[in-house]
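Notes for the one structure printed next.
Chain nomenclature is as follows: A, B, C and D, assigned in order of appearance, with residue numbering initiated at 1 for each chain independently.
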Amino acid sequence: MGTVTMAKALNAALRDAMADDDRVVVFGEDVGQLGGVFRITDGLLAAYGERRCFDTPLAEAGIVGFAVGMAMSGLRPVVEMQFDAFAYPAFEQIASHVAKLRNRTRGALSVPIVIRVPYAGGIGGVEHHCDSSEGYYAHTPGLKVVTPATVPDAYSLLREAIADPDPVVFMEPKKLYFASADATLPVTTEPFGRAVVRRPGRDATLVAYGPSVPVALEAAEAARGEGWDLEVVDLRTIVPFDDETVTASVRRTGRCVVIQEAQGFAGVGAEIAARVQERCFHSLHAPVLRVSGLDIPYPAPKLEHVHLPDVDRVLDAVARLQWDDQPDPRWLAA
Amino acid sequence: MTTTPPAVRRASPRTRRAAAPPDPARALLPSPQPVRLLDESGARIAVAGYPEPPTDSLRELYRRMVIGRRFDLQSTALTKQGRLAVYPSARGQEACQVGAVMAVRDTDWVFPTYRESMALVSRGLDPVEVLTLLRGDWHCGYDPAARRTAPQCTPLATQTVHAAGLAYGEAQQGRDTVALAFIGDGATSEGDFHEGVNFAAVFRAPVVFFVQNNRYAISVPLSRQTAAPSLAYKGVGYGVASEQVDGNDPVAVLAVLTRAVAHARAGNGPFLVEAHTYRMEPHTNADDASRYRDGAEVEAWGGRDPIDRLETHLRGLGVLDDAAVAAIRDEAEAFAADLRTRMNAEPTVDPLSLFDHVYAAPTPQLVEQREQVRAELAAAAENKEVAG
Amino acid sequence: MTTTPPAVRRASPRTRRAAAPPDPARALLPSPQPVRLLDESGARIAVAGYPEPPTDSLRELYRRMVIGRRFDLQSTALTKQGRLAVYPSARGQEACQVGAVMAVRDTDWVFPTYRESMALVSRGLDPVEVLTLLRGDWHCGYDPAARRTAPQCTPLATQTVHAAGLAYGEAQQGRDTVALAFIGDGATSEGDFHEGVNFAAVFRAPVVFFVQNNRYAISVPLSRQTAAPSLAYKGVGYGVASEQVDGNDPVAVLAVLTRAVAHARAGNGPFLVEAHTYRMEPHTNADDASRYRDGAEVEAWGGRDPIDRLETHLRGLGVLDDAAVAAIRDEAEAFAADLRTRMNAEPTVDPLSLFDHVYAAPTPQLVEQREQVRAELAAAAENKEVAG
Amino acid sequence: MGTVTMAKALNAALRDAMADDDRVVVFGEDVGQLGGVFRITDGLLAAYGERRCFDTPLAEAGIVGFAVGMAMSGLRPVVEMQFDAFAYPAFEQIASHVAKLRNRTRGALSVPIVIRVPYAGGIGGVEHHCDSSEGYYAHTPGLKVVTPATVPDAYSLLREAIADPDPVVFMEPKKLYFASADATLPVTTEPFGRAVVRRPGRDATLVAYGPSVPVALEAAEAARGEGWDLEVVDLRTIVPFDDETVTASVRRTGRCVVIQEAQGFAGVGAEIAARVQERCFHSLHAPVLRVSGLDIPYPAPKLEHVHLPDVDRVLDAVARLQWDDQPDPRWLAA
């Protein structure tokens, strides 16, 4: 098919899912005539009509709650939250209903909805447009949390999310929307729950997901110059988590850095670090380190580069992996 | 998709003054006083637009209210015996609880709150299944899909949005389902109420929003929820037809709800009903209502009993006599006795079922945790055996 | 704290029919058509209850609108030059932007959205400070406490609740502050709008909720936000007085807002105003409005220009002549030139300031992170020096 | 003063704070005439009148947003969320405004409000009444997150929260409300940011907070029988976090178990485990283990005991701390 952007791949996934299953309906703010502010729903209204793709009143709790009701009627709603922070008004509906309805009813009701959330930064957006909110969802049992880093995954994971019997929070890294790759669509990649080694390496493992995967790959490339051969694992789905792939990699390499854009405290990266040290303790030559966003509100465009994990910061962390088997002096001093 | 600037379709102000067009809002406003078809003594009042429901329905309404109240009293008693963890009573609200569910069909969907146990029993759900939540066995004891009844909703007002989505989804699939969403006066202050009514209005979804205004949200009086002349006046702001009704007048409740359901089913969009009523009991058995309302108020409302009112009316019509009333009371007693017996048996709940319905299939993480719990339980059982 | 059952204070239905009490809702309903004091040609229309504002005020209104529009055009131009990351234009909405802030005092509080840059400049805030957000230097460039102007709010409708709290807090402390909360038509669909208006109503907080209904929320037309006859009809559901106004009629906007502010300041509680207007530009410079509205519609609204309308009126009154108009235009040009110059200088923002205002004093975790960033920056600077 | 319950201590803290500073106002659902469903605000309306203590409309976003506005007017609101899950409707106000307003305005506006959240389980509550939601707040920069486990701390930390210039999410463990202790009020305990060693021990460190502290202490007591001398650290404030105390303890003991009631995935316990292994790597004889709630929606009363960390589960974790210096066979098998 040639060169495809992630935005186009997501659009194709929606289009194909709607063609294959007429229970699939797409709605949200500006998803109809406009095709979404990122054009992910472009052309769906024209192709499938108002019944299948429509604009709603401007109210996120309403959108998610409406999707719950529509799912109860047998449909398969895919809703768009316009930006990460604008999903917060829907938090109660997501945490108290979407995540729990199957459990509350012992499986009598399911909520096969997909909540698409364009997230994270790196696009020079003003405040409230760049939050990395995956940690909130990953901490909420009953939700699956998925985030593609590649064009084929964008297509395949979104198709799987729509077909999944459970609610999926589908986190789309905004800064990758217009990154393109050679890809032939439709494509089926590894299923939910499987991480993928994007680059094999022997010396240390970089665990990343979504917008941090390209950073990890770039860092691994740069690390070659420093004599480090780094493995990069792309999680793809945060929930369910692929312990097997991550653990196998770290046991092999003996060192691990976890990368995420979100503020670090009590986020997904903390979970990964906690799991890895728990499961790979005797293989580790150094503590599992984390490179994450700072523990501050997302900064204004002019300073976002200071906040975001970049190649240098990743390499700094790699350098601290006690290659000489000496403890990190920072923590000894404390 | 495009809009026309106002002046194009509107007469200029000067012309307007000459012949003002009818205010489109008028048709949406509720009656300025609650609709009442029986006065407090049980005598019939005629109100245009609200014909009296068929006598058979009224008799059935009476029967279900009597059983409903008996169920409610029994449930409160069960809390005292420790058989229920908690029970939010609907005593005093029988006209609303029963009238509303009688206005919808079995194929319609009901979205109840924690307060609607009586309504659900009246809809024919198994009372033991209804009380599963309050006994603490599981979150929902009945099959919502089979009974077309959502789980009783605790996060206030959230169910109104589900009702809008369900109703729209059903209509889109060519089914003439109406969704009946219960909500309390206090919960109308939540943002989700606003969004639920608005979504239903914009999509003309067939939903009846039924506000039981029992004048309190736990301890907080209505005056802290709204400064509006009545909650029914919220309808016009959404373009939704609305009505207010005396919620202790069973005939009026059934008549108004019947009209509302017909309006929705006919494709005219949602309908908002506010029923003025009163809960005779505390918020739940755990609440101490004496902290916030006085006995005189409760007593005054006791004098407006909905069951008495309907009984007087039906006796007047010759539909009920002493024997019929006694037979219904007997039926209610039998119902309560059966409930008592069945609630004495404590079902066991398999601890491992905790992992069964988090996802359609458990994640590897849950499989691991399940295995750990299984091992713990096995070890505990072994210890017990050794000890025993 | 206790409530009285309805029948005690209400006449019985029969009595009512004989002499229906006046509907308390009437007084809260808006005029069924938007208030208009100038027709589209600029001719004066008399409307009871809305005296024409003093001529001095109208002249000042005109002046600020001309400067406001010039500011707006300049800002849009700055996006093309890459000097601003994004700019949401208010062109076409000048009557609303300027009229509203002219109706309040410097000691009152204003709660603007992203759309109100023009309003803030008109309120006297430094345009460079206003544009700090959109240039991407920091989230808010002015001192909200000093200017009694909240940061421009992006999460829709959330500011309405802040306005209610601020107004109530001020009143509780004996100050006669009014809070003016701007909001768009689309944002009225959010739950927070409902909660903000309701809190203000219940606590009789002196807030003016000013809805600029510009008929679109980005691409979504008003018909997808509401099925109500007009957004102003939402007031009655909260017990809030409301009005609708022609938002392209500067005289009417100023008159209606002046009344609303007086109503609030006098302790009568909040007031809801809906202004019917239109944004002539796309949602922001990044938006492609041709995807959702056609040129004919835009053109039709262009014919209802608020500045032209007021200019005609003031020329008719003899308050403006060619020279005066030219002088104001010159002033606007000078304003724009100054803005251009000042926006050419890119301020540097200290990266370490990121840690300064997360908490009043940084946590140990932030101190650590700050130290790490400081070291990184020092290393980078050193590398640069070595390289350079 | 004799025996005091935590509920009474919290009540006294509010009462004293209101007496000392008439900018302090208390509001929420049922906090006036009723005194709160847990009676934490009992008597405040009578003592200070409607101006200082009042019931609001039933709307949590409204309550928090109203508090933001009142704080802007110079007052110091203390608001009550009736139960943990019922704070979710306020999530946008908390995450996008309460947490960020100081930062957005470079300190020109501050939000000195306290959001009181009765949380966690163990009281046989029905669904939505028992969530452990601290993880959501701890993951949100700009918020302080505090949770007392003792009666003196309940008083002192709440006083400090009200006096603090920053917004504080004050998490009150419901199951401890009516636990009592000998205490004399007023009392000043350690300040924000300081963890306390509740029980010294040499063999391993149990890190706990809020409702898990008594579980940890009980487990430490029981562990004596098995020959383990366990140290118990009570965090008291989750944000700011006391690395110093925790790190010093684990470096001394060489082993660590973190206990929390909340579902484990990407929660506060993950953060603690990640930090501890990072900072104490060379002192650790075993991986840092976590005992937490299961990754499921909070169960109905009849099964909550299966969900909640209890003494046995803590002891099981302690037993897995590789006392024989052998790797955990569970993870080797994987």
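General remarks:
One rule holds in what follows: a contact is a pair of C-beta atoms (placed from the backbone, for glycine too) under 8 Å apart; a residue touches a chain by one contact, two chains touch by 3 or more.
Fair warning: this is a prediction, and the values are worked out from it, not measured in the lab.
Averaging C-alpha coordinates per chain and comparing to chain D, the farthest chain turns out to be C. More C-beta pairs in contact connect the chains of C-D than those of the other pair, out of C-D and B-D. Chain C and chain D, compared by their mean Cα positions, are separated by 40 Å.
One inter-chain figure worth recording: chain A and chain D are separated by 29 Å, centre to centre, where each centre is the mean of the chain's CA atoms.
Between chain B and chain D, the centres computed from C-alpha atoms are 36 Å apart.
Residue positions of chain A touching 2 or more other chains, listed in rising order: 33, 56-57, 59, 61-62, 85, 88-89, 92, 96, 100, 103-104, 127-128, 141-142, 239, 241, 243-244, 265, 294-297.
In chain C, the residues that touch at least two other chains are 1, 138-139, 155, 189-192, 194-195, 198, 202, 224-226, 292, 358, 363, 365.
Listing the residues of chain C that touch chain D in their complex gives 1, 109, 138-140, 143-146, 150-151, 155, 158, 160-170, 172-173, 177, 179, 191-192, 194-196, 198-199, 202, 353, 356-360, 363-365.
Of all the residues in chain B, the ones that touch chain D in their complex are 85-86, 133-139, 154-156, 186-187, 189-192, 217-220, 224-226, 288, 291-292, 349, 351, 354-355, 358, 363, 365-366, 369, 373, 376, 380.
Interface of chain D with chain A (complex): residues 61, 85, 88-89, 91-92, 95-96, 99-100, 103-104, 127-128, 131, 135-136, 138-142, 239, 241, 243-244, 247, 262-263, 265-271, 273-274, 277-282, 284, 286-290, 294-297, 327-328, 331, 334. Taken in their complex, chain D has these residues touching chain C: 25, 33, 51, 56-57, 59, 61-62, 64-75, 77, 89, 92-93, 96-97, 100-110, 141-142, 144, 164-166, 193, 239-244. Within the complex, the chain D residues that touch chain B are 29-30, 32-35, 37, 55-62, 85-86, 88-89, 124, 126-129, 265, 294-297, 299-303, 306-307, 312-313, 316.
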